[in-house]
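Here the structure is laid out as structure tokens; the discussion comes afterwards.
Letters are used for the chains, namely A, B, C, D, E, F, G and H, taken in the order the chains are written, and counting of residues starts over at 1 for each.
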Amino acid sequence: MKNSGTSPTPHPLEELVRMDRIPHIWCPGCGTGSVFTSSLSAIKQSGIPYNQFAMVSGIGCSGRGAGYINIDSFHTTHGRAIPFATGIKMARPDINVIVFSGDGDLFAIGGNHFIHAARRNMDITVICVNNLTYGMTGGQVAATTPFRAKSATTAAGNPDSPFNLPLLAYASGATYVARWTMLHARDLADAVQEAILRKGFSFIEVLSPCPVNFGRRNREKSLDTLRNYHENTIIKNGANPAELDVDFGKKVVLGKFIDIDRPTCDEMYRKMYWPQPETDEKRKTG
Amino acid sequence: MKNSGTSPTPHPLEELVRMDRIPHIWCPGCGTGSVFTSSLSAIKQSGIPYNQFAMVSGIGCSGRGAGYINIDSFHTTHGRAIPFATGIKMARPDINVIVFSGDGDLFAIGGNHFIHAARRNMDITVICVNNLTYGMTGGQVAATTPFRAKSATTAAGNPDSPFNLPLLAYASGATYVARWTMLHARDLADAVQEAILRKGFSFIEVLSPCPVNFGRRNREKSLDTLRNYHENTIIKNGANPAELDVDFGKKVVLGKFIDIDRPTCDEMYRKMYWPQPETDEKRKTG
Amino acid sequence: MKSHVLTGEHFINGDEACAEGAIAAGCKFFGGYPITPATEVAEQMSVRLPQVGGTYIQMEDEIAAMTSILGAAWTGVKTMTATSGPGFSLMMETVGLAVVTETPCVVVNVQRAGPSTGLPTQGAQGDMMQARWGSHGDYEIIALAPSSPQEMFDLTIAAFNLSETYRTPVFIMSDEIVGHMSEKVIIPDARTIKTISRTKPTGRKDRFKPYQPGPNGVAPMPAIGDGYNVHVTGLTHDEKGYPVMSVDTQKEMMDRLLGKIRNNRDDIIMTEEYLLDDADIAVVSYGVSARTAYTAVEQARQNGIRMGLLRLITVWPFPEDKIRALSKRVKGFITVEINMGQISREVQRCAGTVPSYLAGHTGGAVIPPDDVLKIAKEALA
Amino acid sequence: MKSHVLTGEHFINGDEACAEGAIAAGCKFFGGYPITPATEVAEQMSVRLPQVGGTYIQMEDEIAAMTSILGAAWTGVKTMTATSGPGFSLMMETVGLAVVTETPCVVVNVQRAGPSTGLPTQGAQGDMMQARWGSHGDYEIIALAPSSPQEMFDLTIAAFNLSETYRTPVFIMSDEIVGHMSEKVIIPDARTIKTISRTKPTGRKDRFKPYQPGPNGVAPMPAIGDGYNVHVTGLTHDEKGYPVMSVDTQKEMMDRLLGKIRNNRDDIIMTEEYLLDDADIAVVSYGVSARTAYTAVEQARQNGIRMGLLRLITVWPFPEDKIRALSKRVKGFITVEINMGQISREVQRCAGTVPSYLAGHTGGAVIPPDDVLKIAKEALA
Amino acid sequence: MATETIKKEVIVTGFGGQGIVLAGKILGMAAALGDKKESTLVQSYGPESRGGACCAQVIISDRTIQYPYVKTADVLVCMSQSAYEKYKDQVRPEGFLITDKDLVNPDGRRDFLDIPATRMAEELGRKMMANIIMLGFVTAVTSLISEKAARDAVLSSVPKGTEEMNLKAFTKGHDYGLSKLKGREKKAAGQTGAIA
Amino acid sequence: MATETIKKEVIVTGFGGQGIVLAGKILGMAAALGDKKESTLVQSYGPESRGGACCAQVIISDRTIQYPYVKTADVLVCMSQSAYEKYKDQVRPEGFLITDKDLVNPDGRRDFLDIPATRMAEELGRKMMANIIMLGFVTAVTSLISEKAARDAVLSSVPKGTEEMNLKAFTKGHDYGLSKLKGREKKAAGQTGAIA
Amino acid sequence: MKYWRVPLDSGEIQITKGVVHIIEERCKGCGYCIEYCPREVLAFSNKFNAKGYHPPLVKTEDCLNCHYCELLCPEFAIFSEAAIG
Amino acid sequence: MKYWRVPLDSGEIQITKGVVHIIEERCKGCGYCIEYCPREVLAFSNKFNAKGYHPPLVKTEDCLNCHYCELLCPEFAIFSEAAIG
């Protein structure tokens, strides 16, 4: 007999999942679940106690992430995960704050918060599930939708060009910038872990299929998308951020692009504004 | 007798100024008036009829610009000059739309609109009066305030780092990016004229003193600031956008950094969505 | 030139009908941002506008969407956006700018159950007071409430006409149920559709004052490029459009702004009455809830209860006089609405000592007619 | 540890007093964005917070400012922001999130004359209805209206206490005049200042439900890091905090949210009465206008008119019962407020057939006492 | 049935992604545009794009329909077990229950008509046309809408390029329905084929 | 003046940037904290940071002040011509008008007291201390606040490091006021020096 | 092509022998685990789960406990453990 | 240092003779024109304008009509024209 298909022990990530909310809402073939799994795995591997984490999401399919992780988790308003996370971080610098949200959430309505948090080097980890569209509302054009791609509001193709997200992150001041696809599950988990363990604003873009609302309109089944991720990507750590456009016609560059040291917002604030040692004490009781 | 100090002919820009609103609200030594004058001069020199222009401002001292120019001009809400300009441009692509506003307006509350308009290569000219602070509300810290500089809300100095605006513009997709100071009045006028005459999203950052609310707190009289503009700047056209931090400790780099061709948002939209020649006709009567 | 109005009978949902109404009204610009359950308005406009030489642009958020339609409106075209609760909240600052700059535009709110993210796919009528009071400061607003896809079509045209007539933003306060409900929608021949466009100025350009009211209290409105060199500001301004920071100018401006709505209430307010003449109970309702109310009235009559319906097609400005008049002859008011008491408070305000009841709930579904009947029976007991 | 409360007598303006009140109440986090005439609250907090081990952060806009204080509130600290009309409008979506997630926080609106940019340096009370209805969907809110710098101090403490007691955002609806007015402010000894902090949960962590109400209808609130693994969402949620897209859950949640305010009105509502017992005319007012009203009452009495004052310290929830009770014995109500009729509509709603007048105007200055007297004379004529 | 107004109420229900709303839409459209009756369609669905519960309610009448919701249906169409469980009591005693044979396992407490619509669609190579097959079936076994109206409505509702395939699917379902009816008629002669 | 409550109303007015509000604030503070009276200060100003019209209104009383605005002042202090033009009629007949000698040219229709405060400040090398000089003058020539209260209020209102300089400015204004009063007393013996 | 992950991981992941567990009711049948298992251990089964999907089955004993399916699966429906012995 | 603009402009701007006009009532006395005139044509006057500022006066006839003061002045208070003759 082959190895059993049914499970005697629980899935190793169950301790980190609100199992009473599974199945999640993500469609069959949706990559969000994969990105989420890699992220949980990184949290587990980091060895940091779970109550020293908080996850914050905005609104969107990916934004449901916060609803499934079994740590303190916040499903906020559309686009506002980062300022919510900023509030947490500045009030409790010892908490590891992870933002898990979508491209629409973080870069359409939420773009301003992103660039400002990066500028301040806010010590949070931002994981962006980039499925090139607004999945949840049915696949309208996003700031990440490729030029000429079809969407629910660009029937004749997207007339605009998308952001190069790593470049934008870098230009805004992010001190850690990486891009993976959900297929690069282990690299992704490693990147998330690295981002958690370091200080500073860390941004990880994760390409991920939305077969239902993006793939369908662009004649791409989810396994086609994954094939793209496999065949038409190339890993170039330290690549020039200016050369990171997502264009599967050429190769899409993956890897860790930026990893620099710069004082974080909370560090500098404490340094410049809490000269008295006693205040650190106070904060704890505060 | 010396040349007369009183004026027999009107000031040559008066045709472009709502003279019934002069004196303007800008303080003695405020650079906004200088930036404004250079901009008007560029409009005049462009040779384009004045009714083919629209100026849009947000809220702030610089945002009052739209209130003084004698063309169709719009003083909108804080941070929203660019989406207002976008509406004008997309509905009337033949109008030259100039956004004249402040660093706080364009890059604090309005940052998201800026990066998206740049991404789309919206065919507008954005002139940012960067006085390193929120002048109008009394000099609070802005996203452009230098690290450690004093402000009304950072008595012990700014703990955060400012944006490198040309880099941000470039990373977002701007196709023309330049930086001058108000002292470089002629270069500035030339840049504005060039930006008006070309197609695409053009961004001109103009360093400008706010002696009252920034200078005062940082022990800098307006003539000190101008001396800085003179002595501690260096013109490097085509400089690497990543090396354009504003730090008068080192030299601040001025010049035209980016000037590339890329289809504009309205061009692409018409190309992809108005295949029928008749629609162009319709638009005119519409 | 061939008409782009889709004359004929269609079986479409309210959102789509709204978009067709906009096209029929001559809308040429839509600034959108997707949100359930209003997304279909944007999607339909993204397809239809290019066909009529118009422009659809999806902005980066609702604030930008709302702002873009103001900019576009000043080029002389009719403009629109559509959203739901969360986006409506975000638009509120810009709504104030639209009011104060007297910029015509139409804003559709396909309401879902709030507050906050709430029940995104389920209907409610919880933003009715927000429509009136959601932006800071005093102002008057026009808001229409369609009860069917056909009315989504008809009232969208009416909204554009009111907006152009009064140079003011007009809200279409729909709801998820009407927005997603499909019914037969009859689109008439384009030539029979009455559309109104803003008055353009005619006099000397150098003496023109963009806020000097015409006979109906509304100033003619030039377009960008017409050579009037207008200045437009959200600051308190005089008739020239120039900012003047004085209490007197504020009063002049506000009197004009409030007056053009208040003094034209008769033209703006649309209501429909059903069996009200002999009614003991006046049911007041609007939007999808009016369908409940209508059914309840029929059932009540079958039960021997003299109930009648006042359906508000225009919700804002609120038809105070109608309620005041009714309060002289009915024994009670029941407001049927999917919220915890919003328009019912207005009814109460105007009802004097006549009791005013609410048939409402917290949202996510329509009010069942039985609820109304039950309240009526109690009221008359 | 030395107290950081500045016990003693100060001559400071309302904005500064508000900041001192926040410090005295134990506020430890302020997310700010400058706007006239509220900027001084932020400026003062930027200086004072580091002195008490707190954090001031200036966010990129008001939406971010408001959102940041919610995030910070969930770390267990007391948080605050301050703004004026335009920023208040922008905060409205997030206010809904605060309400629904039951996140305590204090939002100060130092009102200026709107709508839109309006008269930025001049006072008004035009955002009162917005405070109640500005976010989409149904909700209840608490709003206090200070009439002096001393009350800016006192009511800021009260606002924090109410906010912590009821796990809800509380608004301080001030105005430019009170915000920029300087008067003597007495700050008592820290030990005599009553401050309330949210109840923390105690039971088993694995069985904890963050929205299971305690005796006063309010659930205990854990902090991030306490190990309760809470999930917090703006979607309709059950007591566990989990999203449940159902009409029943919506009703349960809303009943709890509305109930905790409605059922505790007696605890929340603060009013002050002056010469009301024998009054023919009840003047209703709040904030700076109450000072006009008070003066008018004195002048009226000198003129032999029996006028009394009901000053609303709590404006929301509105003290309906008080007005209803008064309507049984007065001949008329005059609401004094710097707007075109906001709270006066609420008075009218509860006044039955007793006439309700407005002594108001379009903003930019206080109401002169004479205006009130004139109306009173007309009302009694 | 002999009320003054003829009013038929239908519930179509299943998972998100099965085309439930489209089926309802075609039903309503056929009634309104083809058969010149009044009809309304309302829908309810969850936040999920796929797999959540989904329900379309159609009322067909010869006079204006005000209240658009169905309390108890004349026809209940179930395309998933969970939908069946949820709605099975919302059908009139004299009404009809129609199910996808492979996806729904009725509890047997009442009569029903079934069709393996999903399996038939898979056989056609178009799993997502199960709804159209079901529609053909419903058209055949009920008197809700006329066949011509139904076909016209299918034509104008499906994406360009897929018309033919969809009509084929419709026919499959319709044929299946007709033969099913025949079988029934045989079983219980005297009952009219049109069941609602 | 013999009303039951003693109430003094003051208007200080000039350009933005002249420190008008600070002068008002010190006045109010001196009354409230030093002289233990009730006082209120309200301000009005425009959007300009510099050069716009600016006005501070102070009421000093021995009982609670409700309505905080001044209709007609007991003391009107004008530091610019435009402010003078705007407010010149808002002073009581028996009240006093005080001006900056170089910046205001009164129309002569009433008596006034003036001091070249700006010029004196320029002489001190601190143009922005004209307001404090004016305050010293006002303290000397009116009975609004006591000198000690005024000096204490100056001390706690001005930026750290500038206390001494400001006190010096105050003294200059105060001395000027005292000598001015003396001159007046000589001219019109019998009138008390304290004018409001 | 199926083995593309192996070179990347082989340095890091010790080649051990594993047993893969499938929690069938959670599976939504995306096929990712099947397609990308470096050892082609998995295949679609014929059975339907309650949601109507075909969960994978284990067709060979070659699982090397690389956990890749575990990380990739969007549904927490599959994971591997070291084989005992 | 005063002449720093000259090299930059000298290529473009024809060296002509100019006359500079000052609209004194508009001046807010920032001194920019005075400080940065490449020919040091200007100086502060002693008189006050109505706003209380000292407008510049023309102290030499060296104006080369470079328009720089015109562009730099924030107040539209100064401009140059070609000298006639």
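Methods note: a contact is a pair of C-beta atoms (placed from the backbone, for glycine too) under 8 Å apart; a residue touches a chain by one contact, two chains touch by 3 or more.
Model, not experiment: these values are computed from the prediction.
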item	value
Steps in the shortest chain-to-chain touch route ending at chain E and beginning at chain A	1
Labels of chains that are neighbours to chain C and to chain F	B, D
Most distant chain from chain A by Cα centroid	F
Which two chains share the largest set of C-beta contact pairs	C-D
Where chain D and chain G are represented by their mean Cα positions, the distance between them in whole Å	57
Averaged-CA centre spacing for the pair chain G and chain E, given as whole angstrom	40
Chain F and chain G, separation of their C-alpha mean positions in angstrom	85
Per-residue multi-chain contacts in chain E, two or more chains	46-47, 51
Junction residues of chain G - those touching two or more other chains	28, 51
Sequence positions of chain A contacting 2 or more other chains	23, 27-28, 59, 75, 77, 108-109, 111-112, 116, 136, 138, 143, 156, 265, 269, 273
Residue numbers on chain B that touch chain F, as the complex places them	23, 25, 27-28, 61, 135-136, 138, 212-213
Chain C contact footprint on chain A (complex, rising order)	59, 75, 77-79, 108-109, 111, 134, 136-138, 140-141, 143, 152-156
Chain A residues within the chain D interface of the complex	18, 20-21, 50-52, 54, 56, 59, 66-67, 70-77, 80, 82-92, 94-95, 112-113, 116, 265, 269, 273-274, 278-283, 286
Of chain D, residues touching chain A in the complex	1, 26, 28-29, 31, 50, 52-57, 59-61, 63-65, 67-75, 77, 79, 93-94, 97, 224-235, 242-243
Contacting residues of chain E [partner chain A, same complex]	17, 46-52
